[in-house]
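Here is the structure we will look at, set down as structure tokens.
All chains are identified by letter, namely A, B, C, D and E, in their written order; residue positions are counted from 1 within each chain.
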Amino acid sequence: MYVNRHYHIWSTVRWSKKPLLNALLYSAAIIVLYEITDIPFSLPWQPISVIGIAVAFYLGFKNNSSYDRAWEARKIWGAIVNDSRSLAIGILSLASNQVPFEWKKNFIFQHIGWVMALKHTMRKGKTWEHNSKIENLVFTPYFREEGLKGMEAELVKYLSSEAIQKLKGLTNIPIQLLKAQSLELKKLEESGGITEYKHVWLQQLIARLIDNQGASERIKNFPFPRQYASTGLFINYIFCALIPFGLLDIFAQSESLHYWLTVPFSTIIIWIFFLVDRIGDYSENPFESAYNDVPISSISRVIEIDLLEMLEEKDVPKPYPVENGFLM
Amino acid sequence: MYVNRHYHIWSTVRWSKKPLLNALLYSAAIIVLYEITDIPFSLPWQPISVIGIAVAFYLGFKNNSSYDRAWEARKIWGAIVNDSRSLAIGILSLASNQVPFEWKKNFIFQHIGWVMALKHTMRKGKTWEHNSKIENLVFTPYFREEGLKGMEAELVKYLSSEAIQKLKGLTNIPIQLLKAQSLELKKLEESGGITEYKHVWLQQLIARLIDNQGASERIKNFPFPRQYASTGLFINYIFCALIPFGLLDIFAQSESLHYWLTVPFSTIIIWIFFLVDRIGDYSENPFESAYNDVPISSISRVIEIDLLEMLEEKDVPKPYPVENGFLM
Amino acid sequence: MYVNRHYHIWSTVRWSKKPLLNALLYSAAIIVLYEITDIPFSLPWQPISVIGIAVAFYLGFKNNSSYDRAWEARKIWGAIVNDSRSLAIGILSLASNQVPFEWKKNFIFQHIGWVMALKHTMRKGKTWEHNSKIENLVFTPYFREEGLKGMEAELVKYLSSEAIQKLKGLTNIPIQLLKAQSLELKKLEESGGITEYKHVWLQQLIARLIDNQGASERIKNFPFPRQYASTGLFINYIFCALIPFGLLDIFAQSESLHYWLTVPFSTIIIWIFFLVDRIGDYSENPFESAYNDVPISSISRVIEIDLLEMLEEKDVPKPYPVENGFLM
Amino acid sequence: MYVNRHYHIWSTVRWSKKPLLNALLYSAAIIVLYEITDIPFSLPWQPISVIGIAVAFYLGFKNNSSYDRAWEARKIWGAIVNDSRSLAIGILSLASNQVPFEWKKNFIFQHIGWVMALKHTMRKGKTWEHNSKIENLVFTPYFREEGLKGMEAELVKYLSSEAIQKLKGLTNIPIQLLKAQSLELKKLEESGGITEYKHVWLQQLIARLIDNQGASERIKNFPFPRQYASTGLFINYIFCALIPFGLLDIFAQSESLHYWLTVPFSTIIIWIFFLVDRIGDYSENPFESAYNDVPISSISRVIEIDLLEMLEEKDVPKPYPVENGFLM
Amino acid sequence: MYVNRHYHIWSTVRWSKKPLLNALLYSAAIIVLYEITDIPFSLPWQPISVIGIAVAFYLGFKNNSSYDRAWEARKIWGAIVNDSRSLAIGILSLASNQVPFEWKKNFIFQHIGWVMALKHTMRKGKTWEHNSKIENLVFTPYFREEGLKGMEAELVKYLSSEAIQKLKGLTNIPIQLLKAQSLELKKLEESGGITEYKHVWLQQLIARLIDNQGASERIKNFPFPRQYASTGLFINYIFCALIPFGLLDIFAQSESLHYWLTVPFSTIIIWIFFLVDRIGDYSENPFESAYNDVPISSISRVIEIDLLEMLEEKDVPKPYPVENGFLM
């Protein structure tokens, strides 16, 4: 997630230089051909603008949906923050005084382990994502290192090596961690450390965490439907392919304007439509380890800090750093 | 559900070849007639473009609604995943230690049976759906086989043959399975296997599953209102029928352009509008055993795997395969 | 609710024949006048198309809102299905074994009575609805008969005549039925048939049914705000009234086209805009005993069937029939 | 709230006669000036229509938001209906048989008092509302009388004079009434009239009423953001101010049409845009004692009737009257 | 938040004088250049208007999202009001009679402390916000003073100096205050001041407050995605940069109109598009201590007043003042 007020225009141009160059070459090729052959292959502008309106609707729909996906993803991780805090506070204030502080600390540490495991699970690549390599995230070295080190490097801080061993070979690690937490609560009640009623209330918080995990997986595993994305892209291509012909028609008719103006002008229009499409495209998948991600590393760190401060730990990590304008 | 980044343009063209060919023939017929008769039956473009805007609004509305239906369907099945996990964890961590593990396993197996029964129920054809035959799903042979074998082939893995027998002749099999589960919980409490409070908490989870089933049935049984779908289709037809006349007017007026250009150009515009309509049309019903379905087979498999791993079963099935780019 | 894939184009034309004929007569009248008087009362098209865009926005807004109302109505009745199932399962699995089966059956029968009472209450006419007579619903004779027989004909199947007698003179029959159910639960606890905790849980389900009834009444009693509906209609009228003048301007200027073409062309455009308005208008009120209703008769039948099968009754009615393509 | 099918066109014209006259005078003034001075101060139409599209977006946004506010307000008051019914039924079916009926009746009467107090609180003027005097609501004399008599006239029916005395000087009367109800429930438990568990359940219903009150206050106290409303108005003014110049350009260019046609035509367009703006403007604040209000007097009456019938009172008031098409 | 009916047009002009002047200078520069060089560097209007439609979509999307963010922020703070009232009423009506009033008062005071701490936390600057200095808020001196004095000045009214001392050095002060409240409740139960069941119910209210705090932080910490905001700005710039060229084309072609009219006309259009963009931009962040903020100081005051009146305190502060039309 970018956190400065505005992207620099040049970094945006650089980011979208491929469509920009293509637009330029394509427009120029058409005008050169026109220059050479003198065949009047222009097209009327009015029907092109009707396609333009259809494309604008489609891009609007796509941008909207991408934004909704990102916002829902953020809400889900917001709920993870909330329920993590509630769970930690619940353990501290509902378990009886007989329960040793060490047990409570362990339970909360295991919860942080779940957060870290979920974070890493969310970032495994999907066939419809952009899947740029984690090594290439040079603008965010801290985040890059986290990705390269992987899940286990973080789990060792909060889970016993025995617990980590048990997770090997499981299909869905975070859900089995929540199961383990539930069995811990069961044992706590059996040992008299908590009353039945309070136990079930905490189990209910675990059920909310199960909901949060499932919701996060839902966004991760269900892409913006590819039929919509592809159709949007195709009609955008068709529209953009027609633009130079339409502009040539207009400029060629004009007495005072030269038809070579078609090149810069159609380049700009094509670039705008591709830029808008691309922005939607790169915001669709909020957990793809790319610069527009919902910043779940930073959110996980917030949970870590808050829970450790609740335990009055001395060694509390710093908030996640902003690197070159990005918070991940 | 397609899971690659983009459909191939040719597969899209092939998929929509009927409207494409019709558009071509229709446009050509008009121009041939114009060529022969020389009657100036062109029409002014401006009012046609007003119809075009109305059609664009309608298609936007339809695409939006279809997408919302698919997304809501996915959310509901996401909730089924969550509540299934919560139920299984709840049974494992709330039932007393006296309850034999076999009982818990049975209960969870019966729950998987409910998931499978619901999955198959969701895929019975509706009069407003496309109802292509399951035999024709040649791109997804694994899924095709699952459909051809039917519900009982999957129930036998998780339900006793006696339980399956009882379901015969019932109108709504999944809801009666949830009733059976509730009676199991009642017996569990009566036998002292669970306290009253915990029993009601688990019953509450059953009530959430009842909600999920009902919500899934709601999407299945209530189509995108046919009056909207039909009106959208009709005005799209009218708009497309007028396009060649409008373009003919523009091209005939032009000095440099030939009016035969009407044919390819109007073919493209008609194709775009029909493609957009068709995409909405084929995304409307998220459970019709077609390629744009919400992938409930794969989701059911996720539940199966997670619950079996919670039971520490050895024989856990593999995740649902992606077949030719489709996950069903 | 229409349940086939598409309305037939002719049935749609027939349904909207009034605006179609008016559009034809109005356009023709203007051209005849123009023919006779030769006064050039045409109007420029561009500003008319700006009004057209405003109208398109308005119609889009109206169609969207109508659809949302229908969808919300369907959701509410979906919740009624869910909570009815939960209540019946709850009674069967939470009441103690001492409670005679007859009592449980009675309670569930009374609940079905509430569903039927609510269904009939929802269909009383409102001043802003279309209020076509139930006698005229000739396409759906089964539904027509249900409407003509009225509420009591259905209540007698599930409520004692004494209970029915008590309902006479009450302003809101369904809510008083839910009150009666609550008092039944109170007596059940007093007689030791259910524990306090389970009693309150069932009372909570009653509270959810109260919410559902209230939500259904809210949609019924709060129309799509008439100021929006009326303004939409007025500006649609103004736009359509201007169309022939604008087209006349275009056709009269054309050398090759005859201005009599104004008549069919403006008829088509006016018809489209009125059709779209009318579709919204006839989908606004989801419980007005008309063909676009949310099918609450059919939904009530689903509840009836499921609950009777849970009671293992022999005499279970068939699902609601589809009549001439309509499910009511 | 207007409850007939459609406003009469003349009542709408009368309601918006100020913008209509202004539009007429303004357009006429411009044409007269043009007639006299002969300066060609017309403006090209195309860029004006771009502003028109921006204005249409803005008005669409505003109308949508106003509608959402009204609909949310209606939902909140629907929730007040539901929770009121649940509370009354809860008191009747959860309090023990020892509790005298008179106590229950008193509690429910006090609840009706809260509804009435909230209704009157909602109708105090805000700086951004239209604040027409209640005396001027001549079309709805019954409602006018209710407003003029004020809150206390209704409270005396349901609260003891002592309780009313206590409310004097409090900033927020309804919230303190809910506090008083909570203390009543506390006393009920202390006196053995209800078990702890049921007490907390009823307290939870009070908490839902607190939510409803807060939600209603939120809509009342947070206007549609004035920066949006003002900007919408300003660009609407600019657009409408330019319209006659643009039309003059079109009509002056036409050979057959006279430029005086600018006056009626621009009057109509300006009127349409102001009408649409005004409709949004007058639907923004759902509790301003004006004709487009959410009908909270009528809703409160529904609660009154239902609760009194639950108490089997003899003297039940009639439903709120529709007066000249308005239900308030 | 502005609370008068409409901003004054001049204050809006003044507020947006920078884009207005830039537009004027830019347009004038182009026409001067045209005047001097006589090079016909005009551009055709039609393709510019297609860009205009894309920009209008983008601005509509941005305004919508900004509004949704503000509305959600208001809802969250509405929930804080509701849950604060419920908590205070809960303490007063659920704690046993043995608990001294002083304890209850202390607990509620600490809750007010949490509200104040959250309010101040919400107003710390973010890199994407406008970050105008609090000293510059000259129109709202009362609010300015509150901001300059800072959090501690308000905490001392409600928290003991010892409690304030403990908060020093903590990363997230409000969440640790909620933890402290939870430990207070734990002690209350241990000392017999509340039953287990009621304790957990109050703890559930604390969990709702945790949710509210997290939701408020979510809006604060997750900006409207910068890639959307920046793209919107860039294409708005491009569109506006092209406007004078397009208008020059139109005016230069006209026989009766002078091309110098391009200057005022393009100034107006550019100003409108920048104004609309700016309105969205300044409404995006609802807690940035600026004039369009959600008025959380005023909302906090409402909580303060209601809770103090529930405690029947004598010294209740006045509602937050409206200063020069702003309520903060």
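Following the convention adopted for this analysis, contacts are C-beta pairs under 8 Å (C-beta built on N, C-alpha and C of every residue); 3 or more make two chains touch, one makes a residue touch a chain.
These are the chains along with the protein names UniProt gives them: A, B, C, D, E = Bestrophin family ion channel.
The shown structure was predicted, so the numbers you read here are calculated from the model rather than taken from an experiment.
S.K.: Suppose you hop from subunit B to any chain it touches, then on again the same way; how many hops at least until you reach subunit D?
M.R.: The least step count works out to 2.
S.K.: Shared touching chains for subunit C and subunit E?
M.R.: D
S.K.: Using mean C-alpha positions as chain centres, tell me how far subunit A is from subunit E in Å, no decimals.
M.R.: Those two chain centres are 25 Å apart.
S.K.: Cα centroid separation between subunit A and subunit D, in whole Å?
M.R.: The computed centroid separation for subunit A versus subunit D comes out at 40 Å.
S.K.: Any chance you could list the residues of subunit C touching two or more other chains?
M.R.: Correct list: 46, 49, 53, 60, 197.
S.K.: Treating touching as the only link between chains, describe the layout with one word: line, ring, star, complete or other.
M.R.: Topology of the interface graph: a ring, with each chain touching two neighbours.
S.K.: Counting contacts the way the document defines them, list the chains around the ring, subunit D then subunit E and the rest.
M.R.: The ring, traversed starting at subunit D in the subunit E direction, is D, E, A, B, C.
S.K.: In the complex, go through subunit A and note every residue touching subunit E.
M.R.: Subunit A reaches subunit E through residues 1-7, 9, 12, 45-46, 49, 52-53, 56, 59-60, 63-64, 67, 70, 74-75, 78-79, 81-82, 85-86, 89-90, 92-94, 97, 195, 197-198, 201, 205, 243, 246-247, 250-251, 254, 256-257, 261, 265, 268-269, 272-273, 275-276, 279, 282-283, 292, 294, 302, 305-306, 309-310, 316, 319, 322.
S.K.: Which residues, counting only subunit B, touch subunit C once they are in their complex?
M.R.: On the subunit B side, the touching residues are 40, 42-44, 46-47, 49-51, 53-54, 57-58, 60-61, 65, 126-129, 170-172, 175-176, 178-179, 182-183, 185-186, 190, 196-197, 200, 203-204, 206-207, 210-211, 213-215, 217-218, 222-223, 225-231, 233-235, 238, 252.
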